[in-house]
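First chain written, first letter: the chains are A, B, C, D, E and F, and each begins at residue 1.
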Amino acid sequence: MFRHTKLLQFEAKPQRPDAAYARKLQELIGGAYGEMTVTMQYLFQGWNCRIEGKYKDLIMDTATEEIGHVEMLATMVARLLDGAPATETAEAADKDPVMAAVLGGMDPQQAIVAGGGALPNNSQGVPWNGGYIVASGNLLADFRANAAAEAQGRLQTARLYNMTDDPGVKEMLQFNLARDTVHQKQWLAAIEELEADGIEGPIAPSALFDVENSDHNNTVWHLSDGPDGAKGGWSADGDIEYLEAPKPLGGPATAPKPDPNLFGTYAPAQDASGTLKGKAKQAKNKLKDNGR
Amino acid sequence: MFRHTKLLQFEAKPQRPDAAYARKLQELIGGAYGEMTVTMQYLFQGWNCRIEGKYKDLIMDTATEEIGHVEMLATMVARLLDGAPATETAEAADKDPVMAAVLGGMDPQQAIVAGGGALPNNSQGVPWNGGYIVASGNLLADFRANAAAEAQGRLQTARLYNMTDDPGVKEMLQFNLARDTVHQKQWLAAIEELEADGIEGPIAPSALFDVENSDHNNTVWHLSDGPDGAKGGWSADGDIEYLEAPKPLGGPATAPKPDPNLFGTYAPAQDASGTLKGKAKQAKNKLKDNGR
Amino acid sequence: MFRHTKLLQFEAKPQRPDAAYARKLQELIGGAYGEMTVTMQYLFQGWNCRIEGKYKDLIMDTATEEIGHVEMLATMVARLLDGAPATETAEAADKDPVMAAVLGGMDPQQAIVAGGGALPNNSQGVPWNGGYIVASGNLLADFRANAAAEAQGRLQTARLYNMTDDPGVKEMLQFNLARDTVHQKQWLAAIEELEADGIEGPIAPSALFDVENSDHNNTVWHLSDGPDGAKGGWSADGDIEYLEAPKPLGGPATAPKPDPNLFGTYAPAQDASGTLKGKAKQAKNKLKDNGR
Amino acid sequence: MFRHTKLLQFEAKPQRPDAAYARKLQELIGGAYGEMTVTMQYLFQGWNCRIEGKYKDLIMDTATEEIGHVEMLATMVARLLDGAPATETAEAADKDPVMAAVLGGMDPQQAIVAGGGALPNNSQGVPWNGGYIVASGNLLADFRANAAAEAQGRLQTARLYNMTDDPGVKEMLQFNLARDTVHQKQWLAAIEELEADGIEGPIAPSALFDVENSDHNNTVWHLSDGPDGAKGGWSADGDIEYLEAPKPLGGPATAPKPDPNLFGTYAPAQDASGTLKGKAKQAKNKLKDNGR
Amino acid sequence: MFRHTKLLQFEAKPQRPDAAYARKLQELIGGAYGEMTVTMQYLFQGWNCRIEGKYKDLIMDTATEEIGHVEMLATMVARLLDGAPATETAEAADKDPVMAAVLGGMDPQQAIVAGGGALPNNSQGVPWNGGYIVASGNLLADFRANAAAEAQGRLQTARLYNMTDDPGVKEMLQFNLARDTVHQKQWLAAIEELEADGIEGPIAPSALFDVENSDHNNTVWHLSDGPDGAKGGWSADGDIEYLEAPKPLGGPATAPKPDPNLFGTYAPAQDASGTLKGKAKQAKNKLKDNGR
Amino acid sequence: MFRHTKLLQFEAKPQRPDAAYARKLQELIGGAYGEMTVTMQYLFQGWNCRIEGKYKDLIMDTATEEIGHVEMLATMVARLLDGAPATETAEAADKDPVMAAVLGGMDPQQAIVAGGGALPNNSQGVPWNGGYIVASGNLLADFRANAAAEAQGRLQTARLYNMTDDPGVKEMLQFNLARDTVHQKQWLAAIEELEADGIEGPIAPSALFDVENSDHNNTVWHLSDGPDGAKGGWSADGDIEYLEAPKPLGGPATAPKPDPNLFGTYAPAQDASGTLKGKAKQAKNKLKDNGR
């Protein structure tokens, strides 16, 4: 069960309106690596965690924090739109090219749909969706996804930091950058801890190593003509081997004869060259259907 | 530019039809962590790679391999459907409960839409979409996402390995498990190499550390009542500190007065208790509009 | 900012496994009217509320409760899957038609993707998305959407109540039904309060009545041949009038001549019958391009 | 079965081109509360209506009208684009900042995909989808959704009314505003009629009141620190009670032990503090798989 | 403007309930090639048609018919569910494997969301979306898409025809097959007419032939090792030439140096082998940010 | 299996940066008719092709080429963004209206998410999805879809050709136009070949002609008041007949009585006029539930 205080985790006060930037910030709210993603990813991971204790508690602490990050960003968006152009018309735009550009660059749904507020969408207006998150029950696999999400999140925040001069916005983003730093650290540390505790190893899942095809679990197949892949440290230490001229191991990628009830195109009598011999015929049903 | 041979990278021959399993395999084709995802993720990362040489070549080698994995799985699906029930009717189902169950559990689009073939969808029929992938231009952030994707991919493959007895299917999955193992290894090794080469550090992006809020880049906020998060190794080594009773740092999450042209609900005269004083009023435009 | 306790708002303990039902419950988690929807709808409405006090506080109280409902349902799903078939194979299914049916009816992603847990999806596997919610800043419009969402939510819960015999599941749903009842009541009461407070009227938004076309704001256009629409109480009280044989008020729905640079099909010389006169011509660019 | 006349329900003639506005109007065509939504929502409700007569006829009358609204808006969009910039290049934009802004603010797909016409998308380019509509078979639940949709629709139309000076556009929107007014009225009246007819009551669905948990169907749980929720009229009349300091009623949100075949992270021997005792162990299968 | 009669274009009466089939029929309602697609595709094409007369009238005649096809299918789905299992529980399923299979194979949303009715979704539950349709303003391009859509539509209908024994369902599908036949014929005839009228030619759009690269508009690049492509009639008639061993025409697919403000991974000093020389450096900004 | 060379199929070098155009080009990458679509459509068609030889080889040759087209476009996008504004702030925009317009018109995700690179999205930011493609196993139906896709693709490329003055971009598009020309030719030729080979006829699928309703497979139903449809050549040649005043053939579109467990609104006792007689009653369950 959750509780809420009306105070923000960190202040979110821009110095002046900036509708174009309010659109860009939507990426951090509803983008694939925005705060809705980490909120929902950590919540579902916490609920799906099968081992009580430190790992689950760390997940739930962080999940709960992230809800508050969506709150900070939504508040910031509403404030950036306060006083910004929203309902100015073509006539007004004709007279003021900069305002015209702002109108063109803003998210029209922030005005039309949200009345000057934030949306659960990314910076291009695509609604957030549950396909962005993962909660597999395997902590190694999931913590890797978490470290990756925080890396992309910090990267996007850093890019957005360079797109504004507003001291109030920059101050909030300095906090966000810091949180993304510590969250990267904690998931990386938790990955190490999983191994130290002996419950996961370096490869996820820690299972089926005895059945996987051991001829093929340490080779890079050289399938692009870039000559440098083999020069990386990864192939120097003997752990990974470069197959310089790999050959396919399987047979032809043929598909079976179609089910006649499903009317796939088929011709039983064709020679090897692909030329159909005489009057080719489709699967039997079709002929019967046609009665001709 | 790409070239294709008709031979499969590895054989994909099931011993017998299994329509229910053909549906489940769709997860590895068009799921969020399926082969279409790694194909497209690595292709876009290769094309977006800003540093020529070993990293880019490794990305393009792997990307090119993954297209062939979609091919193996699509071929396997078509063959698993060969001879399986597809157009059996309710009457037939009434007489054979197992066949009824197979019909119920199969992906109806594999028959209706693909005529007995694979679809670019996951095991629940949701089409693959570009929101699953990332290619940020920052190799540390992206390689983390790659290691995470291969971990989820191997995990799902391992689960599917336990859902079949078919020796032909199992043999192909043993190859896939092996490839997911080496791909995890290679991305983890490439992450280490980025640091060894001095072009990325442990935190992505390796930038803006001097401006991020250093009071808040090493604390876990204890916001859930689980007592064990603080007992993890991560807080023992001094790198991460647990804030046991964190307080909000910001002010109230208030939204500004609405733009009268956007008709948000607003009442200028309300007392602190939220009781509206006298006859409350909406923003000025509305009154003018009403002419009252 | 939010806080979390590990205790559930209400107990979520099924008596026995039921994988088919665990799939159905996904509708209440990630469906258009599931708990993720009301969670996010109320959170964004609270953050977008432009009037401090009772309305905003009611919204945030309810929003915070709903996060806990997602938690209850996710927990219930994991427990319903505990001991249910998940990785049984075709061979096993052949021997046990009921188990075959369970495997066919379950959500394969709950096993393959979530390892026996809940997903942010509906009962057909479609991921939850932000397009389900609205937070317009106009409280009348939004509270109507809220009352509608709780009505659909209680309806779906009631249907699901009839699909199980499990006393533990039924007990939780009895709580959920009750919450959906009170939430309907509260949003309906809040709608009345908005009018009592004089800040919204019966029609949303309470604006532009002086400009809307008053010839057409009280007529139902009789465009289907059902004769009974006019017999409803709504047309008896004089407020709504039935137009028995309405005529179009506008001119033809013609589209303008295409921009020649965009290559829409166009023929300048055609007579009224649609027969093209002589050699018809496309817009000028095309001719130039063809060099004819 | 349907029939069509080429005359528009109401005229749709702008005075001059306005590509930026043509993009904004897409919200009323393919947005979540646009005309495609009410068209499809009412059609499916009519087809799913289980009670012949006045209700169904009202639904089908309105559904049929709404198809014509999509037609009006699509026509308006094509005309607003007639003569607007579409294929101007960067060179031209450099010389004319206002035109540059128009090009930046327009929907590029209206030119590239539709050749100067409307799309089945919202103002941010997101395609309309069936997840926006509901047709539950329960008329109270559905009429609430209808009243809500018309409220959001009129609100968005009102906002768009303030974003243009074009007298032709304004005249059409004055008609649309009026239709949204009467449609709100009719659904609200139909809700009252359902109760007057004794077929639905105030809470949807009118069922299962005897089984729902009556301890919890009249309380607001005070879970946010806003103090004013309890001061609303809703808690004054005794119908809704405020729980000032609610406590969780359920036990811990623990997830069960994972299925070993699904490789969730698990360690059987851990103490209460979450510290793993000795060498922790994953579920049995894994160990067997590793053979170590 | 549209009008509606309550009579169906063709009868839709199944002889008995069949919930599993009701799910499959959803493909014809809300699938990519279902009736919602042709309805919306033809409506938008009609509204976007820039040439009055026979073409536009044919489009609007057909568009209007298709709305009635959605109606027939939605009615059929509701009737197929009448008397079918919907709320049977696990206990009941344990006793009746066929009913268990029906429950497993049915669309759970038809019961939970629609109360026994149709949904705007495909047979896997994916909501219909506007991305399925096209209305480009170019009639040749669009009529080709129409002929393709009717071909896929008839193919899917034919497959579904083989999945039922119900005489009432088969009778309706016999009508649908016929309509798909004539619609294929009409679009193919209209394509020929466009050429006869001299307003479109064989290639769409009929423009820019003088600028397209004429060295490359008649060659098939042989990029797969299948030897038979060159043996088709297409290369026999001289119109299309097979390039047996095509070589890339462009230079390397390198991406430019990253914008330092966007933190792409970059190392200015690397040798041709991809080995970084000495201590590699990221773009200048990063170094400044780090202050190191 | 696939192989890759780093050389582009054709050069992709713009003369100068153009961020607004880089956004527009996204339509050709990830739009419904972009290169990702033809890549995936042809790949899945090839893998699903049930007839070895010339058709399959042609499909795979073309599929393999198309992957390289995505590569060319992604490279072009990255180069168009090289040197374009990306992180300029509001302050800078205030001083330079043209730059402000560029910032407003660019795709913000190309900077924030991709760091100056291409995305798997269309020009409005909507991610590419698998619902765009078809691979039915029936070659006639699929080749029609291919010819349609290449027509839309060439049309969009032609429109984009008119939106740039950059000689480098124009040169690449001249190549793309040419490829779209030959691909249209080849699919049209392959359609003719299918008929010449006697494996498909003019209508897809070539089956069930003996069962389809022959009264209705050659009539256009005149359902819109446009008088000119009947004047097309299609009705002159006797193959297609115009039904000038068609009547519905079916009965009323009534839905059955609802399942009482699903709580659809129902009133058993209503007279023909739709007026409910006396106190109407809902289905029996509800009354029992209410205890009345």
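Definition applied: a contact is a pair of C-beta atoms (placed from the backbone, for glycine too) under 8 Å apart; a residue touches a chain by one contact, two chains touch by 3 or more.
Every value quoted in this text rests on a predicted model; they were computed, and no experiment measured them.
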item: Intersection of the contact lists for chain A and chain F; value: B, C, D, E
item: Interface numbering overlap (same over half, different under half) for chain B and chain C; value: different
item: C-F compared against B-F, more contacting pairs; value: B-F
item: Centroid spacing, where centroids are CA-atom means, of chain A and chain E in whole angstrom; value: 25
item: Geometric centre distance via CA averages, chain D-chain C, whole Å; value: 6
item: Junction residues of chain F - those touching two or more other chains; value: 1-9, 32-33, 47-48, 52-57, 60, 63-65, 71, 75, 78, 86-87, 97, 100-101, 103-105, 111, 113, 115-117, 121, 124-127, 129, 131, 134, 136-138, 140, 155, 158-159, 162, 205, 207-209, 211, 223-224, 226-228, 231-232, 248, 253-258, 261-264, 273-275
item: Touch-based graph of the chains, sorted into line, ring, star, complete or other; value: complete
item: Residue ranges of chain A touching chain E (in the complex, touch as defined); value: 155, 158-159, 162, 227-228, 231-232, 261-263, 273-275
item: Touching residues on chain D, where the partner in the complex is chain A; value: 18, 20-21, 23-24, 27, 31-33, 97-98, 100-106, 122-126, 155-156, 159-160, 162-166, 223-226, 248, 253-258, 262-267, 270, 273-276, 279-282, 285-286, 289-291
item: Chain C - residues contacting chain A, complex; value: 1-9, 30, 36, 40, 43-44, 47-48, 60, 63-65, 67-68, 70-71, 74-75, 78, 113-121, 127-131, 133-138
item: Touching residues on chain C, where the partner in the complex is chain B; value: 1-6, 47-55, 57, 86-91, 93-94, 97, 100-101, 103-105, 107-109, 111-113, 115, 121, 124-127, 136-140, 194, 197-200, 205-211
item: Touching residues on chain A, where the partner in the complex is chain B; value: 5-13, 32-33, 52-58, 60-65, 71-72, 75, 78-79, 81-82, 86-87, 111, 115-117, 126, 129, 131-132, 134, 136, 138, 140-141, 144-145, 147-148, 151-152, 154-155, 158, 161, 170, 174-175, 177-179, 181-182, 184-186, 188-190, 192-193, 196, 202-205, 207-209, 211-224, 226-229, 231-234, 237, 239-240, 248-259, 261-264
